[in-house]
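To keep things simple, chains are lettered A, B and C as they appear, and every chain counts its residues starting from 1.
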């Protein structure tokens, strides 16, 4: 029934455009990679709001960021771009900006005071040459540690506050036959764990020097070596079945009381929610490190350049919908992230999200994610280095540091 | 190509003149024209384009600057690329020979006038029909020491049984071979079975009358006759080896560490994930050169030099 | 077909050799079926049971919910209509692509092995080398070529792409199969005054059944399971089922429903499976040989 109405409305709208030329039918084709059940529910928030505002949302979901981005970029090059398209907050769309393929939305940004209401790392990651070229929609914290509350209570342990503490309690848990760290042993998750250790033990500045300025000096500091060795010690805290495992299978180990801790971005809440668990009850979330620095990234939408007035108006309406306070709260509740606007009330969100929001209130705690700091060829080369170090217990910290040095050199 | 084509028969006798010959061949030439155009524009065009891009500093979008051999010098010190290269040799050798042996055995056994032939054939072929994204997960679980085979055997009481190839850097590539055989052997069987069924039935009668054992007929008479089909299978399997990507992504994502990285994955990651078209196309060019230098002599001798089958 | 002649001996009752044959086939079948077993039992379990990790065990509470969900209600983005959405799109891509690519391969193979056209073998050599390049390398230049010619993002475009990339293997398959056919047959047809097309349709094609079956298996599987070309060239209205399948099974940050993933994968494979099973009846002995004699 609803399908039928949608089809007829669509046919009607096509017919209208056809007959009256540029009648302002605001049909927006949106290309994104949110396809799991939870992600679908979150994108529906935007779609519903847009429909309410009088537009027609044409959904084009393609799972896998690289697949979706490649398809979108091919279509831009082929002259048939979608109305709006997802990227991760960061450098992925740099070249689209320099090739004039995406629209500058700075007028909307000024009107909406984006520079004031969004955290500076997010603003900086979206602005090119002083202008906004994308609309950020959320903030994902990437270095959360999820832990099984029951396991810690039974063992009489507190969730660790620092990484040396973590290694210590990890050994105790291991002695009890519990997997201390559930790790999805795929290179990107191993790299994510490494970054959590760098920012939590080495500090925000070390993280920025490593991924941002990329000067080899940072690699020579004793603190960096210590961090790398600490990361190396954690190899003993995962189970032998870790390599190759999907992160979802790793969270399942925490959910089913087999493993104590799991490092991941806040999107992992989706698995706990799907298993019927509640933050603060069966599982907890915390940021490990001397100070709770949160590595933040997220998603943005870019708007392919167009001269068509109807399309421009449609894009304007989409921007309003994306940043509307209600859609921000509702979207992010479902997505697991927190609103990109720091000026909205988050009291209706879960405890992890509230914790995230309160950590980020202090700008000193905001750390730009690797996607923001590094070009993809450097982060890729780093990933290769990290996964080699993590999986070769015999590889020395110095050999690993040597690999990072050459990754820095190659990325230029 | 094979024993039959060497017979190299001639055109219909009767001293045809060159002109007439050209005229009668015209429809054949016209029939081949669309393919010739595609070869020229798509295949040769895209190959040249790829090679050209490997001399640029292109990242997300292709751009036509010139950086000489810079991408290549990066490539040849890249551990991951070097590991990929050696992996593909191990995988290729085991996968192709394994598929041929298993595929031939299955084809011969299925050819024994057995009951339920259709069922067996479908069972051996079904892996080929399924997307690796998820069958890879099934393999990954089965080979995972905490979930699959190792756990099963230990639960049966053999506490010291260890099977951890999937998570063992030295052995992981062999698990990719096993899953690859599972996927590719059925197709090899189908190709060889089609060949077997094309063998002249009189040949079997004759062999039976002469009292030659069945297995001898297969190895000494049938196998040589199957050569074109074996060549077809080898070429198909080889293209699969060179393009090997999905299987690795689904099972190990190149891990543990970089132990199961392969060249096609290197190319794909750099083209699409890492916005590094320059390095990705350099790797693709090296793959292309390798394939060409291995295959070109063979293609030349087998296909280019003998002009058709006619004198 | 009733005169199928035995290959080797054809015992009437079970002998040791016969038992050996079945033992081999059954053992091999068990190995081949192992992953399918894991997939089937997983697809019948609820997620709570899957999380426990007993991958080989039968479900304690069997449910077909995942199958229904995979087909018609799993989310693939905003819409939650399962993989059924793309079924007809996939069909519309599959049928013309399979027919055209096989025809192209058969004609090429025939022209290459029976007719002597200048440069044809060189062309074939280059085509064969093309089969070794990862497809992804072609994407960008092809997008440019197709958008210049105005057919980018259409059914025509995706069918053309499948025909183009089917050419090397299809041509090889038919060329080598025809190389095994007796040349006398062709010579006789020539003497009877047959031309290029009439020999092809009256003599060669009727003898091609086994290889047509193999070609169909190859192309139906390849085209039905294609994801990257469909995504890049088909256009939004023609996206094949594999795009929905990928959306269900392949999310980077999303939670995973393995039971639905497994069911969706098996459902998506049904069309090639049916083709394998049905086409197998043409895998009979002696078609080519019989035609030679006939």
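Following the convention adopted for this analysis, a residue touches a chain if its C-beta (ideal position, glycine included) is under 8 Å from a C-beta of that chain, and two chains touch if they have at least 3 such contacts.
Small disclaimer: the values here were computed from a predicted structure and weren't measured.
Undergrad: Of the chain pairs A-B and A-C, which one is connected by the greater count of C-beta contacts?
TA: Contact tally favours A-C.
Undergrad: Let me check something: if the centre of a chain is the mean of its CA atoms, which chain is farthest from subunit B?
TA: Using the mean of the C-alpha atoms as each chain's centre, the farthest one from subunit B is A.
Undergrad: Taking each chain's centre as its mean C-alpha position, how far apart are subunit B and subunit C in Å?
TA: So the centroids are 15 Å from each other.
Undergrad: How many angstrom lie between the centres of subunit A and subunit C, each centre taken as the mean Cα position?
TA: The answer is 38 Å.
Undergrad: Provide the list of subunit B residues touching at least two other chains, using ranges where the numbers run on.
TA: 137, 146-147, 272
Undergrad: Where in subunit C do residues touch at least two different other chains?
TA: Residues 53, 140, 246, 249-250 of subunit C each touch two or more of the other chains.
Undergrad: If you look at subunit A, which of its residues touch at least two other chains?
TA: 67, 70, 77, 246
Undergrad: List the residues on subunit A that touch subunit C in their complex, please.
TA: On the subunit A side, the touching residues are 29, 32-41, 43-44, 47, 57-65, 67, 70-71, 74-75, 77-80, 246, 248, 252, 255-256, 265, 267, 270-271, 273-275.
Undergrad: With touch defined as at the start, can you tell me which subunit B residues reach subunit C in the complex?
TA: Residues of subunit B touching subunit C: 1-2, 4-5, 7, 9, 11-12, 24-25, 27-29, 31-32, 34-36, 38-39, 41-47, 49-50, 62, 102, 105-106, 109-114, 117-118, 120-131, 133-135, 137-139, 141-142, 146-148, 152, 182, 186-187, 190-191, 193-202, 204-205, 208, 214, 217, 225, 228-229, 231-232, 235-236, 238-239, 242-243, 245, 264, 267-268, 271-272, 281, 284, 287-288, 291-292, 295-296, 299-300, 303-310.
Undergrad: Please name which positions on subunit C make contact with subunit B in the complex.
TA: Touching subunit B: residues 5-10, 18, 21-22, 24-25, 28-29, 31-36, 38-39, 42, 53, 55-56, 104, 107-108, 111-138, 140-142, 145, 164, 167-169, 171-173, 176-177, 179-184, 187, 190-191, 195-197, 210-211, 213-214, 217-218, 221, 224-225, 227, 242, 245-246, 249-250, 258, 261-262, 264-266, 268-269, 272-273, 276-277, 280-281, 283-290, 292 of subunit C.
Undergrad: Would you mind writing out the residues of subunit A in touch with subunit B in their complex?
TA: 66-67, 69-70, 73, 77, 92, 94-96, 99, 185-187, 239-246, 375-377, 379-380, 384, 387-388, 390-392, 403, 406, 410
Undergrad: Would you mind writing out the residues of subunit B in touch with subunit A in their complex?
TA: Those residues of subunit B that touch subunit A are 59-61, 74, 77, 79-80, 137, 140, 144-147, 164, 166-167, 169, 172, 251-259, 269-270, 272-276, 279.
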